[in-house]
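Each of the two complexes below includes subunit A, the first together with subunit B, the second together with subunit C.
Now for the complex of A and B:
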């Protein structure tokens, strides 16, 4: 199973995006500064946006889903129960998973944005998708929900999961790292092998790499263990 | 000082809360009442019971700057310059004064190259800067940032933090889930179920948060304000 981008190009209003690379089974992190083109690339990977040139090739991928930053964009019904049923899931199971038991009859727009995001992600994680693109899945979520998602994704390496995120403290085990720099997709490489060559790593990762040569990955467990080794 | 007494407002139930001037982080689980608290302090929501005073005046008599999680959703105008000037224009300030204020603020924030750009063509960080400028141009008594950091990278956030620190707004209140942001505050308010669970400086709140059982306790090291101070000290 793999997703290949060949010389993808998008140009719009002063912004241009270029991407080539192959996403194989496993968990990928796509990071980069705000405005660097991550979400646009996510839309291309999720077949929502057609590139102006280049080719997207999917091998062995039968089902795919794109989770957008705004959970409101995914709403298609009026109540919590109807929304869950629209995904083809058991409402009790989804609500238990999302920590929202008892909210079945509620108007979906009475949920807070964080609650709505939890509901949406629970529906998504309980489905079977060969390719999942999660655009800022942790944004707006409390700590418990972020670690809940992370633990679900950590055990799931038999499909292609692409996480677009700035939040470096709650990641699952990451197999491969990509970065968007000014509209260009860079293949940083496998984790942990390429950690030390990640020139634009976030402040926390740079600090850990500087003080702990044994940093073995980007999952929250790896980071927590590295901090413990440094600070005791 | 912001004083809340006997507040009941939606899910909020706060017998008493005093917020001293400074940078205050408000954190807590989804649905715990963070946004409702901020909306009550901003005068967007009126409490069913109780009183809120900002020094000696009520919220709707105070000047409030608000920047939301997705700032462009609340923008009224197409061009950056019109959005930034909008509050002063709505309050019928003289055109010359408005032009001077926009020029002075956007020079400080390095926003001048963006002034004629349509808002929709801006990056996420530029949109936040535009919303921040629109909020700061009124010289607010309180600046509120409701999970504005959710979608921003660390470098963009550090630029925005520096602007906020230099803006000399008496009260800056920001809702956040990020441990690095909590560590950067002068004071922290932790909410749960519409109530104030804890309040104190980042170290005090961090120490108290691990009394009793906590199934996320292995993460303790990543929440420690001392870690984030060390990270920022190394990097600056």
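Now for the complex of A and C:
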């Protein structure tokens, strides 16, 4: 199972995006500055945006889903129950997974952004998708919910999961790292092997690598353990 | 055309003459061919068809009821084309600039602000609608009569929340009415020539 981008190019109003690379089974992190083109690339990966040139090839991927940054974008129904049913799921199971039991009859628009995000992510996690693209899955979530989603994703390496995020503090176990730099997709490499060659790594990662050369990954557990080792 | 004053003023004059007479519409089309880069904001053929479908229906109805549907269709099409060209050339803040230049820092600022916020809301709404279509496609659905009401309700609620957030931002900045702005414009010789041509077309159309 793999997704290949061959010389993808998008040009719009002074912005240019170029991408090539292969996404194989596992959890990928696509990071980069705000406005670097991550979400646009996410839409190309999710087949909702056609590139101007280049080719997207899917091998062994039968089902895919793109989670947009704001959960409100995904609302197409009136109540919580209807929204879950629109994804084809059992309302009880989704509500239990999202920690929202008893909210079935509520108006979907009365949920807070955090609750809506949990509900939306629970719908996706319970779906059988070969390819999942999650645009900023941690945005709008409190710390507890961030760990909740990370723990679910950490156990899921049988499909291709692409996390688009610039927040690196509560990540699940990441297998491969990509970075968007001024519209160009860079393949940083496998984790942890490529961590030391990540030239534009965030300050926290640079600090940990400088003080603890045994940093074994980008998950929040790996980061916490590295901090503990530094402080003895 | 760089100067929004000439662009907006020209489009206003040409829209009036195009709507009033066939001669005005044809002269306006000539102006569009000579003085512009022929760009429009229609984007693709599907959007253009959607924009022109209503005038076409109205033209057919006018023709069938004994009126001059062909003339109506040509005149309204020219108005739509130059409006679309003007929209494709706009930059954020130009309505505020022109409005303050024309009407001053009190009424001009307020009118310009309302105009800018309205245009930005329209753009946001179009983007949100695109995202809603993506959301439906992720669920394997299409926009139908049954899911249209909740989709529209969701869009409206999001727009109302955005309006509230904007109102809060304005209140935090101490906005009560009017504001300070010193607009600056770049006027090229081709802008002046195109603007003069607009005035000539307006005058000729009124005489003919």
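By definition in this document, the second predicted complex is superposed on the first by the 232 of 232 C-alpha atoms of A that agree within 3 Å, B and C clash if a C-alpha of one lies under 4 Å from a C-alpha of the other, contacts with A are read in each partner's own complex, and residues count from 1 in each chain.
Just so it is clear, a contact is a pair of C-beta atoms (placed from the backbone, for glycine too) under 8 Å apart; a residue touches a chain by one contact, two chains touch by 3 or more.
Source: prediction; values computed, not measured.
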| item | value |
| --- | --- |
| Superposition on subunit A - do subunit B and subunit C clash or fit | clash |
| First (subunit B), second (subunit C), both or neither touched by A:65 | second |
| Which of subunit B and subunit C A:50 touches, first, second, both or neither | neither |
| First (subunit B), second (subunit C), both or neither touched by A:155 | neither |
| Greater residue coverage of subunit A in the superposed arrangement, subunit B or subunit C | B |
| Contacts of A:136 with subunit B and subunit C, given as first, second, both or neither | first |
| Which superposed partner A:77 touches (first subunit B, second subunit C, both, neither) | second |
| Clash with subunit C (superposed arrangement) - responsible stretch of subunit B out of 38-46, 74-82 or 200-208 | 74-82 |
| Footprint overlap on subunit A, comparing subunit B with subunit C | none |
| In the complex with subunit C, residue positions of subunit A that touch it | 43, 48, 65-66, 68, 72-78, 82, 86-88, 108-109 |
| Contact footprint of subunit B on subunit A as seen in their complex | 13-15, 31-36, 69-70, 111-115, 117-118, 136, 139-147, 166-169, 202-204, 206-207, 210, 220-221, 223-224, 227-228, 231 |
| In the complex, subunit C residues that touch subunit A | 128, 131-132, 134-139, 141, 147, 149-151, 153-154, 157-158 |
| Contact footprint of subunit A on subunit B as seen in their complex | 28-32, 35, 69-70, 121-126, 147, 150-156, 177-180, 216, 218-222, 224, 226-227, 230-232, 234-235 |
